[in-house]
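Everything below concerns the one structure shown next.
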Amino acid sequence: MVNEMTQKIQIGKLAMLVASLTPDELEPFAASLEEVQYCQGKAGSMDIQKVIAAVETAAKRNGIISQDVYRETHALYHAILESLEGVMRGQLGVGNMMRTVGLRFAIVRGEPYDRKEEGDWIAVAFYGTIGAPVKGLEHETFGLGINHI
Amino acid sequence: MVNEMTQKIQIGKLAMLVASLTPDELEPFAASLEEVQYCQGKAGSMDIQKVIAAVETAAKRNGIISQDVYRETHALYHAILESLEGVMRGQLGVGNMMRTVGLRFAIVRGEPYDRKEEGDWIAVAFYGTIGAPVKGLEHETFGLGINHI
Amino acid sequence: MVNEMTQKIQIGKLAMLVASLTPDELEPFAASLEEVQYCQGKAGSMDIQKVIAAVETAAKRNGIISQDVYRETHALYHAILESLEGVMRGQLGVGNMMRTVGLRFAIVRGEPYDRKEEGDWIAVAFYGTIGAPVKGLEHETFGLGINHI
Amino acid sequence: MVNEMTQKIQIGKLAMLVASLTPDELEPFAASLEEVQYCQGKAGSMDIQKVIAAVETAAKRNGIISQDVYRETHALYHAILESLEGVMRGQLGVGNMMRTVGLRFAIVRGEPYDRKEEGDWIAVAFYGTIGAPVKGLEHETFGLGINHI
Amino acid sequence: MVNEMTQKIQIGKLAMLVASLTPDELEPFAASLEEVQYCQGKAGSMDIQKVIAAVETAAKRNGIISQDVYRETHALYHAILESLEGVMRGQLGVGNMMRTVGLRFAIVRGEPYDRKEEGDWIAVAFYGTIGAPVKGLEHETFGLGINHI
Amino acid sequence: MVNEMTQKIQIGKLAMLVASLTPDELEPFAASLEEVQYCQGKAGSMDIQKVIAAVETAAKRNGIISQDVYRETHALYHAILESLEGVMRGQLGVGNMMRTVGLRFAIVRGEPYDRKEEGDWIAVAFYGTIGAPVKGLEHETFGLGINHI
């Protein structure tokens, strides 16, 4: 399937790998990761507002988006929301009641397309466990959002 | 984060890897994959009904769920729907109009928990590109759904 | 329609009757109720988190699901969410602002299908009134969710 | 809970009973049903458009809403949509792919409140089975919608 | 398009204009506004519960709906919710985290249709800016809901 | 409220006015419209796929977005979807069954912010009537979506 793609860099796949692999597992992908800007972080709470803030702060601190330009924050914000749709699977509204054990996120920015005009795009991936508010009761969850920036 | 998990096998992560990695990239995960049952397939159309049918057919042909037991189909069906929420990011209703270039899926069945009573769980992952109905205009998309079976 | 059904026991219908009928009205269904495990309870608040907790607590206290097995809590949790979709009619996200006067719930566990392999299923029904945060202004609401367990 | 209600007639509960009970089971509720206007019908397909049309046609043929007044059709239409949210549990968009075996509906119109000014309200209930597009694989589903008319 | 409409008064368009135009800009529409009842107000917070309360209070204080009749509050409530769907664009559940700078609303009640039987309808429009919780980062948002009353 | 805005040009408001006003009513806004690029059109059907295609075609024919750059189509596409959320009010999935009488759209592209770095943004507005599939039964509907481009 990879061949069918018109993308030279798969920022979404890279974001998924950074969010879910251990450092050892990630090593074979080091070359691909050099072609993009990326960072990762953790969101310990499942207050959606705090999760969004954690991702935005990480993106700005690591220079992945500009501190001052609203359009970059706007692009990232919608990529986060799309990613959270996958995490919550249609139940964003009930999200705050959930307990999570270590939701890890990755932000990847790069030029996925050959044509220069397509410019930069951003991918946000979440991976972790989500569960009922009782310890030990959870399963994995994942989300990916992509936007032009 | 892996350490924090109470799961011995991460069927969701394995499903995502099977859905998105090339055979070469997948090799380091061969040992983990031996602990689960899994298969993969392709869904060339974005008619949601056909995508669901393709995954169900693959799961039955590969003996991952029983042909005859409704509760297994029911479990798989909801895992597929949750996974498609991630693929469509809240817009399942507009899905049929989308064009995709190679949506690949993976189904993984295994026992993620130490305790025997937790039994089998199933994970469904989609990875591919989704786009406007004009060739060459698409970006990556991902989805993961998990259910007890 | 009853004849068309392949189910020998209609756990969903029983859950709705237990949730909404008076003890007198429920009497003609006593024989059917002996074929299943069930309990009922009340959720006085419309904080969704508390409603879910109330149903889970009732289910465990009455031995309808196992205290210790995550897959049973997982099955119940999704049945509750599906039932709440009916109660809130697509607006789970705005649920916490609602006032209710007596939301009653019923949990029914049984074997709806003839075939032994289909095993146990669980139904959760809610019935009550839902309204604006002003006393006396409300109308009825109903929800039903079903899952394999 | 019945006592807590400020409604003298529970049109929602009556709609649920008409939609789901057999004629014999419904008999004890005959007195209550004399206080309202009601009808019932069947929707054999799960093309949402056809289901809505079937309910609207039944409501007009049985004189429950006026043929000519848009506001009555508008009130019924939103009651049907709310009821279908319960039937489909948040997945209206994927509805057309579902197979159903006998979805029965009931429409009840009456004056639920003591105060004359509150006027007429309408309740629409669906009850039946919903399933994958393979015969014999289905479980019960239910929905209730209520609106002022 | 205006000619194609079977409505003599476009309460939705009027609500949109009242919500978004300056007093000067609104002047040419003064004659149309004399045919309806209307009011406007501001909702400074984006706590959805408070926004709804602000609109309901304004509608009652200005005599646009009756203080005492539930069916009028019910009609207004659903018009507000429909309008907020436009404001939040499918993300009502994440609404509380948003910051807004001046969300203005308008409520218009009138008889849009020629036929007397169609009676009164109500329109609720919101217009303002919505943004991330950082000052100066926001864009416009708009919503319109209409219901029979 | 206008003063509170940090936007020098309100592309959303302009899109709403172009979509809903008659040429005479639009005249006072001629000066503002000279600061942006805009076009309008009609979508006669309510097949969502055709509505989206109609807007995209109009945007490209009128040179508002580039024919060849995917990121511009991607930006427009999400602005259309957000706008349709307002039109359908949370029921995109049932959209195809609706009949409309003249849904008019406007696309406005401009620089809403003082700071040069914020660049171009795009607004899509819909205005028209939406109804049951019976002639003469409809009410107004409105939607607005905004995105960076």
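For clarity, chains are labelled A, B, C, D, E and F in written order, and residue numbers in each chain start from 1.
In the analysis below, contacts are C-beta pairs under 8 Å (C-beta built on N, C-alpha and C of every residue); 3 or more make two chains touch, one makes a residue touch a chain.
Values in this document were obtained by computation on a predicted structure and should not be read as measured data.
J.: Would you indicate which option in B-C, E-F or C-D repeats the interface seen between D-E, with over half of the contact pairs matching by residue number?
T.: It is B-C that reproduces the contact pattern of D-E.
J.: Have a look at where chain C meets chain D and say same if over half of the interface residue numbers show up on both copies, different if under half do.
T.: Both copies touch with mostly the same residues.
J.: In whole angstrom, how far does the Cα centroid of chain A sit from the Cα centroid of chain F?
T.: Comparing mean C-alpha positions, chain F is 30 Å from chain A.
J.: As a quick test, compute the distance in whole Å between the mean CA positions of chain A and chain C.
T.: 36
J.: How many angstrom between the C-alpha centroids of chain E and chain B?
T.: 43
J.: Touching two or more other chains, which residues of chain D qualify?
T.: 70, 74, 90-94, 121, 136, 138-139
J.: In their complex, what parts of chain E are in touch with chain D?
T.: Going by the criterion above, the answer is residues 66, 68-71, 74-75, 78, 113, 115, 117-119, 121, 147-148.
J.: Per the contact definition, I'd like the list of chain D residues that touch chain C in the complex.
T.: So the residues of chain D in touch with chain C come to 1-2, 4-7, 10-13, 16, 20, 22, 25, 28-29, 42, 82, 85-86, 89-90, 92, 101-102, 104, 112, 121, 123, 125, 127-129, 136, 138-146.
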